[in-house]
Amino acid sequence: MLAPVQDTSNETRLARARRLRDVEERRTRRFLLAPALLVIGIFGLFPLTISMLYSILTPGTYGGVTWKLSGEAYLQFLFERDIFDGSLSLSSTYLQIYGRSIGLALVATIGALILGFPTAYFIASKPREQRNIWLFLITLPFWTNLLIRTYAILLIIRDEGIINLGLMSVGVIETPLNILYTDGAVFIGLIYSYLPFMVLPLYASLEKLDFKLVEAAYDLYANRFQVLRRIIIPMAKPGIVAGCILVFIPGLGAYITPELLGGGKKLMIGNMIALQFGSSRNWPFGSAAALILMVVVMAALLIYVRNAGKQGAHHG
Amino acid sequence: MVDLSFRRRRMQDLRKQPGFDQIAIACMFVLYAPIVVLVVFSFNDNRSVVRWTEFSFRWYAAAFGNDGIRNATLVSFQVAAFATFFSVIFATMAALATTRTPAFRGQTAAYAIINQPLMVPEIVTAVATLSFFAILKRLTGVTGIGYLMVAHTVFCIPFAYMPIRARLEDMNLSLEQAAADLYATPLRVFWRVTLPLLLPGIFAGAMLAFVVSLDDVIITLLVAGPGETTLPIYILGQIRRGITPEINAVSTLLLGLTLIFVTLFFFLGRKRT
Amino acid sequence: MADAALSPMKGTGLDEAEQGRDMVLVDRVTKEFGRGEQAVTALDAVSVRILENEFFTLLGPSGCGKTTLLRLIAGFELPTRGQILLDGQEIGHLPPYKRPVNTVFQSYALFPHMTVSQNIRFGLEMLRKPDAEIEQTTRAMLSLVRMEALANRRTDQLSGGQQQRVALARALAPRPKVLLLDEPLSALDLKLRKDMQIELKRLQNETGITFVFVTHDQEEALTMSDRVAVMQAGNILQIGAPKEIYNRPAKRFVADFIGDINIIDATLGNVTGAKGQVTLPGGASLTAYLSDSSISQGAVSIAFRPENLRLVAPDDAAASVIGQIENVVYFGSGSNVHVRLENGTTVVVRTSDSIGALDARTGVEIPEEHVQVLVD
């Protein structure tokens, strides 16, 4: 039908056009990405390597560091050095703080899940027009100042707070319940702070739930609990995992909540780290503690990413 | 008819799980009750933050007359304005690169870097930044509020990036193709079509960035130098010293400010239908 | 060079006398997406000539490459190989904003932040036309698509049909050499679609611009087009006037895709020129058109349309095949009678006459001028 292709100049013209387009695209992309990546790279990522460096140096007398290599910061997690003879003995002080923090964050995560799941389900089962209003109400506290919300909790749970005064005035109790400055207070504060983080991803996966599946399960003789356990919860699993991660991670590194509600006595990792950069003046140890916290968090994130990947493969 | 309404009610019932509604309502109540108490007692004409006596703006007057609060507000706004301005520009550029050029090698790495401030616990970022700035200050001899502004810009970028990227992804590519088809060069496509349509997303990103900067405690607490007290840091200092209704008043003002910005964000972020 | 290569255009639906000036010339264009082993060929060395002033339609199922071809002409994609000439100029390598062609998008792609007239002006402004000319052309376009009253409306306040007309006006305003239309009617309901088909034809006549129209709707293609190219799997199977495509489908796919048709097995005997002797199941024989001279004797598929057939008495001399009435499907203006032949294949006859009872034996007359021997 056609004469054989003999014209190669057109091929080169196309190739040139394609190459020009590619070069242009690459240049534009580099220009557009550079500021964000540079700013975060220099002032967000690079400082983490500084922390790594600091963690193997010697503390300076007035804060900061002395440029002398030392593994003391990491030793300090497990051992206590005697002030007089410098000998090492096993100490679990810091491990306990890590253990306590992980425990508190875990319990708060479970608490948030128990409260957040029904809440997310409640919103998802509302008519479409109402959902946005409920969602707005649940996210609003998420954007309001964490410090102020924690202060609000402090106001009502302290000895002279509304809860105690109320209970005393109706005669349920005679002396105020001691809630503030206990693990319970920190637990309440953590749930209160991060509940929206649990509800949002749960809602995102429950919203996609087709209630026809629920009807089908009822049709196949499942009762309410079986429907919840066999249909709804499995379908919401990605949301449950995401929600738990989103509550656990900030809960683990929480600073304000234990600071205000734990009263400084009930230390969590966050306060312990900040303390090293403040009155304890042990920057290397603070840096080491921060890095260890980061490793724990990254491990949690990795589990999440792998889980999400598996989920994706499952549905894809 | 009767039969139909009966069936509809049954279907509604089937969706419900026992106790779920009650827990949900209780959650909503618990989320707002402490804040309501805080706000209400900021209008109390009494030193007490629990016993109501009379409505008064007394504590607001005190707050406005307080130099510490005024300075802190000024610092907060300066830092937030700087961080918002630059983070929005950088985030918009990055969002354009990740949505408007074909997939590229290193895309995942770029996403990871942009979202890095969200993945690392704030306390870790705070101490790392503090350490880095300590070295910078030693090396350059430069001090000042600039460090705090840069630190805020870093963690504002991912927050600004989210709504801007979402908006770009929602935007039909065919609009930009139509403009190119109608003889608009890439630059003119951007100015005449992409940017005007992206503006709501950019505003939404700016609102988020501003709120996030305004509310930050941990990074500011560690990075801020003397005289660089922001509003939340001021409030934290006051709480440590003792509870006064004045804190309630300042907190209420900050809450109100946040409320305005977040509502604007929701309003602007709404998809055009 | 390209002219020399393309001059003998057989099977393009163009008589020698009819050939006008080439407006679009697609010369052995290949488009692959992806690279290496994962590369998918969307277009496989496709060649087309589209004439000045023509309403040309690319017809095919989704994924056949018709939209890719349109996007290549518009410049949204670069071809992997081959060239595209517009009015004699090579444009295959140019970006969209340097090509004097305009597109009507499937979803219209009207700028939501501009009014109707701002949308229409856009292309003219980009071309930096003088203000007076922009004003005049915009007004002319508004009246051409009868949208004067809504000139200052925002486009999201318009109905589907109105949006469609604005999209047309916007694309026509810069007076492109070719207007590309990517399934522009698919979002409209049936009634509006019929109206817009007539409207499109009117616009094409009034403006004298070459229209290249993409659709998967065969009826739409046959109604509006001067010529139709039927595409499948990245290839053009047949190009021709609607009647030619309908009455003389060249390939089995074309026959099957367009309209209702019976395709049955038969045996090809002697071939003389463009015709051949075909033996039908049951032994009757007739002379049928060959869609391609390369068809060899032996087992073949033959095609004929239900509306060209007639039910006759089984013992009638005109009966080409004999069978049993298996099913009758009534559709308003007539009925489709399914006749099961003795070898098991079913032939559909469209009739408005009263027909025999179910299971009755009947003859079917197949007029030989309507029978086509197909290439697979």
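A, B and C are the chain letters, set down in written order, and residue numbers restart from 1 in every chain.
Quick note on the criterion: a residue touches a chain if its C-beta (ideal position, glycine included) is under 8 Å from a C-beta of that chain, and two chains touch if they have at least 3 such contacts.
Note that the structure is predicted; figures quoted are calculated from it, not measured.
Peer 1: Tell me which chain's centre, taken as the mean of its C-alpha atoms, is farthest from subunit A.
Peer 2: Relative to subunit A, the chain with the farthest C-alpha centre is C.
Peer 1: Which pair, A-C or A-B, has more C-beta contacts?
Peer 2: Top pair by contacting C-beta pairs is A-B.
Peer 1: On a C-alpha centroid basis, what's the spacing between subunit A and subunit C, in Å?
Peer 2: Roughly 57 Å, centre to centre.
Peer 1: With centres defined as the mean C-alpha position, give me the subunit A-subunit B separation in Å.
Peer 2: 16
Peer 1: Would you pick out the residues of subunit A that each touch at least 2 other chains?
Peer 2: Where subunit A is concerned, no single residue meets two or more other chains.
Peer 1: In subunit C, which residues are in touch with two or more of the other chains?
Peer 2: 95
Peer 1: Give every residue of subunit A touching subunit B within the complex, in rising order.
Peer 2: Within the complex, subunit A touches subunit B at residues 25-26, 28-29, 31-33, 35-37, 39-41, 43-48, 50-51, 54, 64, 115-116, 118-119, 121-123, 125, 136-141, 143-149, 151-156, 160-162, 165, 192, 195-196, 199, 211, 214-215, 218, 224, 228, 232, 249-250, 252-253, 255-256, 260, 269-270, 273-274, 276-277, 283, 286-287, 290-291, 293-294, 297-298, 301.
Peer 1: Would you tell me which residues of subunit A are touching subunit C in their complex?
Peer 2: Residues in contact with subunit C: 1-3, 5-7, 10-11, 13-14, 16-18, 21.
Peer 1: Quick check: in the complex, which residue numbers of subunit C touch subunit B?
Peer 2: Residues in contact with subunit B: 74-76, 95-98, 101-103, 105-107, 109-113, 122-123, 126-127, 156, 170-171, 174.
Peer 1: Would you tell me which residues of subunit B are touching subunit C in their complex?
Peer 2: Spelled out, the residues of subunit B in touch with subunit C are 172, 174-175, 177-185, 188, 192-193, 196-197, 272.
Peer 1: Inside the complex, what are the residues of subunit B that reach subunit A?
Peer 2: Counting only subunit B, the residues touching subunit A are 11, 14-21, 23-25, 27-28, 30-35, 37-38, 41, 49-50, 86, 89-91, 93-94, 96-98, 101-102, 104, 110, 113-114, 116-117, 119-132, 134-135, 150-151, 153-155, 157, 161, 208, 211, 214-215, 217-218, 221-222, 232, 235-236, 239, 243, 247-248, 251, 254-255, 258-259, 262, 265-266.
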